[in-house]
Structures are given as C-alpha cells and as structure tokens.
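Take a look at the following structure, please.
We call the chains A, B, C and D, going by the order they appear; numbering starts again at 1 in every chain.
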Amino acid sequence: MLELRKDIFADERDDNLKEIGKGTQRQDMLGHVTGTSTYFDDHKLQGMLHLKVVRSTHSHARLRRIDTTEAERSAGVRRIIRAADIPRNLNTLLSLINFGKDDEPSLAVDKVRYKGEPIVAVVADSPREAYEAMEKVRVDYEPLPAVFDVEEALKSGAPVVNETYPKNTFTYYDVYDHQKLRFGDVERGLAGADHVLEQRYQMSPIEHAPTETNGSIAAPDTNGRYVVYTSTQALFFSVDTCAKILDVPSNTFHFIGGTVGGGFGGKVDTITEPLCILGAMLTGRPVRYVLGREEEMQYGPPRGAERIYIKDGVMRDGRIVARKVRAYFDSGAYTRLSSYAAVKCAAHLPGPYTIPNVYGDVYCVFTNRTPATAMRGFGVTAMDFAIECQMDKLAHLVGMDPMEFRILNAYRDGDMKAHRREAKNTALIECVQVAAEKAKWPLREEFRRASSRQGGGGERAAVSPTPRDARPQPAMASQQRTSYDRAPVATREPQPPPPPPSSPPRAPAAPSHGATRFSSVFGTRRR
Amino acid sequence: MAKTALQFRHNGRDVAIFVDGGTNLLVALRELIGDMTPKFGCGQGGCGACSVLIDGELHLSCLTLAESVAGRSVQTLDGIKDGPNLHPLQRAFADNFAAQCGYCTPGMLMAAKALLDRNPQPSREEVVEAISGNICRCTGYEPIINAVLAAASGRARA
Amino acid sequence: MARHRGRGIASINYPIGMNLGGDPSQALVHSNPSGKFTVALSSIDLGQGMKSVTRQICAETLGVPVEDVYVDTADSDTGPHCMGSFASRGTHRVGNAVMAAAKEARGVMMEAAAEELEVNAADLETDGRGNIHVKGAPHRSISTKDVAIAAQFKQGKTISGRGIFLVPLSDVDPETGEMSPATCYAHACLVAEVEVDDETGEIAMVRMDSAYELGRALNPRLVEQQLVGGAWMGISHTLYETPEPYYPDPAHGPRDFVEYLMPGPGDICPHDIAVLERPAADGPFGAKGPGEMCANPVLPAVANAIFNAVGVRIDDLPITPEKVLRAIKAQGGSRPQQRR
Amino acid sequence: MPVTVKTFSNVGEAAAALSSDRGARYFGGGTLVMRALNEGDLSISSIVRAQDQALLRIDASGPRVTIGAGVTFARILAERDFAFLHAPARSIGGPAVRNMGTVGGNLFAPNPYGDFAVALLALDAVVSVQGGFGARDIPIEEFLQSRERQAGALVLSVSCQKPLAAEAFHYRKVARIKPKGGSVITLAAHLPVSSGRVLGARIALGSMAQTQVRAKAAERALEGRPLDASSITAAASAAVEGTSPADNALASGWYRREIVGVHLRRLLSGQK
C-alpha cells in the first residue's frame, strides 16, 4: 500500500500540474498483457543461424592449443570464430568514457582467467549442431593456481589474474591501487572517541536473474549495414563498443531495442552483440546468440561481492566523530564496471550522516571469477548494508534508540559532506520520522521535532584540517591510456563493403575505430 | 534427417508443421508457427515464462515434446482474448499494474487462467500456489496476486 | 524451540545519476499534422517505466493530454544519444532532456497558434486537453490539431524540439576524493519485522513499513511498482540470493531457478509505504529516481531485525538459516533483545 | 544430428528399444529429458516413448495400490483414494510441473528433486520394471540404490500398501522457497501403530545422501515403542545416523545434519 505524504515539504512544491502526479496507465501495458510487446528474441528471420560459445572449464589456465579442425567439419557448422577473427579483441567497457585500460578479450587468446570465459564461438544451422561442434573443439589447458579471495589476491606472491593489472588491483590516477576519500583527521577523531567499533562485512555476489536472458540477433541489412536486435540496457554503449571491437564506423549498425525483459544492471556489458554481429558478417546470414539460463547465472556478469571493514568512533552522547572504511570490490577477472563502482562507493561515504572525520580506501580487486558488473544500487547497496548494520551496533553500544541515533547523526541542509560538497535538499530525518510513525515506533519529542532544514551548516559546514598521504611515483607515464587516445587518423577511409561470407573482416592498416568516445578525460588528469 | 509432420489445434485453428526430432513445443510455437507470446526464460522448467494450456491443462512448452501435442489443443496468451476484448485477467493485470518488464506476463496469465478455469473463486493461498511455478523478477508478486484475485471477483483495481 | 520476532531499521540516501564520466541524454520531440507528438529516445525500458514516465513529462510540458504523446525508443537510427538505463538516471536525466525538447516544441506550437489567432504567443496558454487559448479568454481558442495542420501546410514550421540534459563530468581529486558524484539524492527509511526459528535458523518476513523521499512521484503507480518490487529484491538479496553459496569458494554455483534462491509468492509480507516529495532543484518537476535505492534499506533493516529477534549479528550476506543457526549455537542459544 | 523420436504402442517394444541403444532415453513427463536436450546433452541420441495405457493405470481399490509410471502428480492429486499421497504430490514443482511430471520419472530425479520417491520409500513400495529379459519387481530401496544401473530399464508402475490409518503416514518437505522450492531435506515416515506400539516403522529421507535413504536408526528407536515424546526424541536424535548429506546450492551437509532431527521431531509430534 502506498500513501503520498503531500503534507511534508508542501511549501517547496507546486502541485498545480495536469499529467504529472497522476497514476496514468503504462504506455506498454497493453502490449505486456497481450504478449505483443516485442523483445529482441521476438524477431523471426529467414535462415537464422545459432551462435554458441565454448567456455573455459578452468578458473585459471594457460591455453596451450586450441584445435577446431574437427569442429569445422561438423555437420551444420557455418563458421568457427576464434580470437584472431576479431579485429580488436581486447577491450574494456569504460574505454568509452576513457576510464581504464583494455584488459578483456572477446575470445580468450593465451590464457583463461575465469571458469566460463569464452574461447571459441560456433555458428551453426541449429542449436543441436552447435552443441555437437562445441564438443569437437579441443582445448589444451595448462592449469594455473587461481585466487578467489580479494584479500588473498592482494598478498605478494598471489597468482596474477590479469596481466594488464599485475598487482591484481585497478590503478587509479596512474599511481594508486585504490580510490581514496580523505575528510578531516580520522585518527585524531578515533583517538578522541568514547568508544571505537571495528567490524567486517561481506556482501555476496548477486545474479541479476532477469526472466529474459542476455542476447541479440544480428542480420545483414541493406547498404552493407547490420541490423541488431538487442537486450542491451545501454543502446549507444553497445553500438560504440561493437564499433570499436569490430573496427567499423558506428553507423554500420542499426541497433533496435528498448523493450527488455528485465535488466537490473546485467545487460550493460554488451556481452553478446560483438560476436553475434561478427557471426553475421562472417556468414552473411542472420545470427542469434542468446545465453542459456545456466550461462546467464554462472557466466553472465553478477553484482560483484564486496568486503568492507568499518571502524567508527562514537561519543557517549551518540555523536559519531570518526568513520574509517576499507572496502574491496571483487571485480572478477576483468574490470568491466567495478573500477567505477569503487569511485561511486567512495563518494557515498560515510552514508547520509554528518561525521567530521571520514577516511575511505576502496579497492577494485581482480580474482579468478566471472567479471562483475553493475547492478541496482551499484557501488552503494553493500556499503549501505555495512553502514546501517554498523549504525545499529553503535546505537546499541551507546544505549540509544536506533531511530533517534540516526536522526541525531543525520545530515542536514548546509552540512559539508565528505566528498566536499554542501548537502542540499536533504530529507533523511523526515523519512525516519515518517517510517517511525507508520511502524508505531515511539520517538521522543525532540526527535519528532527535528528537521532536515534546521540545525545544519555553521560549524557543520567546515572541512577540518586533513592530513595527506605521501604520494607514490607513477609506475608508468599514463596507465589509463587506451587505443582511444591515439592520434586520430586524419582522413577516414570510406566505409568498406561487407566482407565476403567466408573471410574475416580485413584488419585495418592504421589504428582507427568508429566508436564515439562519450566524454573527454576521466582519471588521467592530475592535480 | 526426415522431419515429422505434426497437426494440432493452436488457439482454435488447425495448424500443420514439420518438426525435427526432439523439438520442444516452445520452439515449434515461436519459430514454426510464429506465435511469440510464450517466452523463453530458461528451457529448464524453472521460470514458467513459456507456459501454455494443453487441452486446458497448464504445461511448460519448453519441456513439452512438440510431437506429443499431435491432435491436441494448445492455447497460448495469443488465444485468450475474446475477439478484440481483453480477457478479464488481462484487464485485471493492467488495472493492477501487475507487469513491469512484461516478460513473465504471458506465462503468469496462462497460469492464472488455468486456475480460474477450474476454480473461479480462489483464495489468496490458491492464487499463490497457482503462480508458484512462474518467476517474476520485477513486481514482488503482490500486484500479480491482487490482479488474479480482482479478476476472480470481477473487481477492477484491488 | 521457539520462534522469536524482532524489528530492525535502516535509513539511507542514494545518488541520482553518474556524473563521473559526464552524463548526457538527448531527446527529440515532434508533432505530426494531427497534433500528435512522438518522443524519440534511445533510452531503454527494461520494466522500470521509461516510456511511460517520459510520456507524462512530455505531455505536461507541452500542455497536451498524455494520449497525444507516444514515446518511441530505442532505435539507434532515430533515437538520439543516451548513456543508458542505469544509475537511476532515467527519470532525472532523460526526463530533463524530454522536458527541454518538449519546451522547444511547445515554443513553436505556441508561435504557430499565435499566428493563427493573431495574438502574441506570450498571451496564450494550453488547457491540457488539446486546446490553446488566449489567457483569460477561453473562447479565443484553437486546437493543437489545427495548429499542427497550419504549421505544416500553411506556415511551413516544424513543431519539434531538441533536448539534451548534460551533467558535465566531475573530476575526482586523487588525494581527497573531492568530487561531485551526483546532483541530488533520494532518501529512505525502512522498518522490517521478522520471525526467526532458533532451532533451524529459518527467517520469515512479517511486515515492512517504509518512507521513501524521491523528489516527486511523477506517476505514483509506477513509483509503487518500483518500491514494492525493489523491496522484494531487497529481501531476496538479504536472505536468499547468491550465485556462489560458499563464496569465496566458487563451488556449488546454482544453474537454475530451483538452485538460485529468490523469495516466492508465499514468502512475501505486507509492506506499508509512505512517499515524501522534496523536489530536487534540477529534477524534472523536482523528481529524483526511485528505481535503485528502493532495495537498499531492506538488507540492513532485516539484518538488524534478526539481531533484535535472537541476538545474533550476521554480517555476511546472504543471511541463510545456516549462518543464523551457527551463530545461535556459537552463543549458546538465542538471546532475544528488547522488544521494539 | 537431430534426436530420433521412437514411439511405441506397448511397453514391451519400448523396453526393447531402450535396452538396445545406449543413447536412448525414456521420455516420460519431459521434465528431466527435455531439459537435458534443451541444454545440449549429446549423450541422448534418441528418445523412446510408449503410448501404452498400462502406464497410466491406477488401481486404488484394494489395500495395495498400484500407480502406472506415467501417472502425473496432478492425477494423484485428483484421486481421493490417494489422499495419503497428496502431500508429497503437492510438494513437487508448480502446477505445470505437476501436470507433466510422472511418478516413474520421479524415481530417477536427482537431488534436490525426487520428493515423491521419498514418500514411496517410506511406504516400502515395489517398482515394476520391464527390462530386456521381461518384467520384474524390485523393492524401491534396492531400486534407488542401483538407480544408475536401471537407466536402460523401463519402469512400468509402483505399488505399495495403503497406510491403515491416515495419521500413520507423515510427510514434510523443507524448502527455502514457498510454496515451490527445491528440497533442503524431505522427510516421510510410515509408523503403523498396533496395540499402542509402532510396528514396522519406516522413515525415509531425501537430500540426506546421494539418493533417498531410510533412517534406520530412527526407525529402530521407534520400533515396538509407543509414539510419544520420549520415543520421538530418541528417533530425532538418531535421524542423522547413516546419512551422508552433501553441500549443494540450497544448503550445506552440516546444516542438513543439524536440522534433520529437529524436523523429524516436529513432524512426528505434529508441530509446524
């Protein structure tokens, strides 16, 4: 049941609106209840082929030899795709916002870094024939020691998961193996606290489990273009990622999507489109690549696990005076989006509370598991779990009601947040008050009267003196450098005709790509 | 390899197709007949997105051997409307905002129809049981349960 | 043996959008000669209601009924660029882009109407039912359909608009983490009540009460969908879900919906929700975004409720019966806390 | 190569086809075999079907009931004479799976499935099997333990004695998800009482070993004793003896061992 509390903050709103605020029926509801909403897989194309990938059976192994001879001769096989067929096999998703180094192949070359990593793609007339050919692909593995625990991965001598990041951590600003947050003097704050509480929290990985699995259908279109029906959550991320990997101009593709059977963050990674389009390029036929449910669950990217340590200093009267956080994001074998989640997480510290001394170190760590990606609550869900369990423990420790404890420490308009921006438009206190009212949870008068609009600012707006860490020397000139940073080719070649069915697209002479870089520089700038 | 001829009733019309050995009914409906209303969610029998009625009984089309419906009657979501008019369940799902991404909706509706066809006035527990083979990742089930109850009682919004 | 009830709370905030890479979205709005509008986007509707909420924003801004607007998404040939449907950016970023495009289209529509009515465009207003009239003189009126016909066939004007909403990229100070990660924040507080079986560690949800502040509920039914479904997902994350049940050991990963646990329709509980609206200065009609944050308070609230019920702290998700039972055994039995 | 479908009108021919081809699998309700095919199981090259009415036969008239292997759980639920089997039948899948899944197929379902077979094991059922050399009856305990080797045989039916009193039969499936979830553990007990004492106690457990097993120590704890708090407590503490539960996605072996006694005690003492 949902109740709109129009009485609260009424003076900040103009409610004189016609369409806004109405519970209008969804535009897509009729399609949904009649089953006529068109998802990517609802396109029936003549002569469609089926693409499936051979996945690594090892979590970490060198690939001695991949033999596809027998598979190529298998009945119904139209094409076997190997890493060498992919124009730009190495990519990282956030290269489109110039963040991070290309670290992940579309198909494994010399090594596999997680169980389920794609090695070879099979394009066949039917799913059954694709399965038969997959069984005939011979992969000779040399198993390597694997690491699955984020803190084990950081120890010296741990197996190197991803050679692009030999320390098993993403590199921030060329120098740091973690994202920092520094606000005030946390050690002084802890030293002056009445109680100090340090705790460890562990968030599980999570599978998005949309009822529609990831997938796409690609087909040759007129004028040498390819039409691509896709389940993507980010249409232009997918267009430009494919343009980069396949090394063609982005207008080679006509992407159609927008009606997706659930995503929750699990359809951001463009995991099926590049191979699917390449399959269509190499065969001249429509190709479908849809993840099976087990593939989706085990090898589709999950929400990454996080391990979080929180150390808080609290006064007897309930004021939190210091919060020190160390968090490890389990990125799996490749970066995908975890590097970014760590930054978002650092910005989220210390939660919606005004604490004068806050310190955060957030690591993006590589392990030999399925690469993690975004999910609903990206970078924040696990930290909220940790912070709010910690808040409950702190309230217990000082003998305060947990609701009142939160109101006491809540951020208010005009306060300085730890990422050094003024808090505005806050409403935590009111949410606590209304939830208490709904749950018939008694609050004392002073807490019932508290307001997000009062009592903030003043000395709460100050940044206390903040000690700085010693800065290490950069390991390399520019670790964030990607192929996108290379000098642009002065004149572009005209768009090549679609390649003949049996041969891979010609490798370009000069490094070039058709993708759009979404933004200028992030992460390379130094202060 | 020879294909097998297969005839059955699909939403009240006779259809004839040729299937490969081992083809499941979901593939036959979607790829050979072109009825896209049943959805592929798992192929394992775990999600219910492919649910259809066979001779009025709820079945998972992904686990049904296409050949086994020879001479039988298969109803999908595409066949539950009365001419241009929505089935009361479709209307109730809409009124109760019981769909978000919409991907589980065809299967949910068929599961709900299988219930109401047999038991027009179910209890909440019976509704819960009836949709228990269908996964919805968006709604938290509450609006779906309310929609089925509303359809049963002839109410619009619960 | 006993089953113990307990209550726990959590309060949270959530950033809207992702400013760290620069965060733009575009929209195009145009009318056909019947005065019906199409919004072209490349944003994705994955169930959250993107098509529906942008439709209402466009109708409100144009001053036409919602039935006169159709949202077409996502086609890379016709829909202009959008970063994507994630980071709670849909309502806020795309909504703002649609609003800007609709404003521009409205400007042309009002100019065209002014020409037909031979008045100054500034003296006109829309009635929200498909008509444009002179302020204070409703009888001097023209329908949007007639305006569209006139614009197309007589005046040679395109009733259309382009909109972009860009939150420029925020640099991050490597030393302090100083940054502008978001322009506004949504808020929530949730109370969870659970029942814990101290012999089996099983946890049943009893009820939830919550308050969510999200700027403005542009469509309360869509908001309800997100909050109800999101809280279900929160319960699922807390008590059930994991693709690696013995993490960090990768063994025994689930392969299907029997092994991957999510609460069924028999595991849900009543949830009473209040929505607060404190408009964000840069939100479309003040709106923030409810989609992601709604699950977050559930996880800690349930964990805290379990402590209240039996006195054990499970800091390792998901909180399975096994973890609860181990903890109860380790402390020599359940220790119910002060009933709240 | 597509799969070959071989349909026979009688069980004898079907059984012969099954035993003569290692790549042949019998296709019952489809919930196991069709899933395997969908997931690319290439060990199946042909599927064998039998449209023999014998497989659908139900005989519930006498004290001993016989259920054809092709009978679905929905059909069991529709038969009033099978009231004692309604709880196990209802605990399987959702409605669609109950309309499809068969009693015969359930005998082959691995953990965390096979709940109906737990009930049948507690009822000392007998499995009739048609092999290459004709039909024979196998006690269900033996059948389950040699299940791997039964793959080439065709199950025709199962039969068991009806419990003399409804309250003598107890069944519970412990699942994380409600109302449809995979088994954490499944318990079934048949405890006939004669002159106030349990005689012929049978307790069967699912997900407590590689296949469904009997809890013989718990049976012994009840045998010849009145069913009261003290015998139930003794049975509960003996429930774990002889079991070897494994870790899987639903629970660990440790957890299963910890709770099997708790649930047995609650089941036998009528607690939720």
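Points to keep in mind about this one:
We take it that a contact is a pair of C-beta atoms (placed from the backbone, for glycine too) under 8 Å apart; a residue touches a chain by one contact, two chains touch by 3 or more.
Remember, it's a predicted structure, so these values are computed and weren't measured experimentally.
Of all chain pairs, the one linked by the most C-beta contacts is A-C. Chain centres computed from CA atoms place D at the largest separation from chain A. Here the CA centre of chain C is 47 Å from the CA centre of chain D. If each chain is reduced to the centroid of its CA atoms, chain B and chain C end up 29 Å from each other.
Centroids built from CA atoms put chain B at 34 Å from chain A.
Shared contact sites, meaning residues of chain B that touch two or more other chains, fall at 20, 22, 42-44, 46-47, 97, 100-103, 128-129, 131-132, 135, 137-138.
Chain contacts: chain C has residues 46-47, 49, 221-222, 224, 228, 230, 233, 253-258, 260, 262, 264-266, 271 touching two or more partner chains. Across the assembly, chain D contributes 1-3, 38-39, 179-180 as residues in contact with two or more other chains.
If you check the complex, the residues on chain B that touch chain D are 1, 4, 20-24, 43-45, 48, 51, 57-60, 62-65, 67-68, 111, 114-115, 128-134.
Listing the residues of chain B that touch chain C in their complex gives 42, 44, 46-47, 97, 100-103, 127-129, 131-132, 135, 137-145. If you check the complex, the residues on chain C that touch chain B are 46-49, 221-222, 224-225, 228-233, 255-258, 262, 264-266, 268, 271. Residues 1, 199-201, 240, 245-246, 251-254, 258-267, 320-322, 325 of chain C touch chain D in their complex. Listing the residues of chain A that touch chain B in their complex gives 25-26, 28-39, 41-42, 44, 126, 128, 208-213, 259-264, 290, 292-294.
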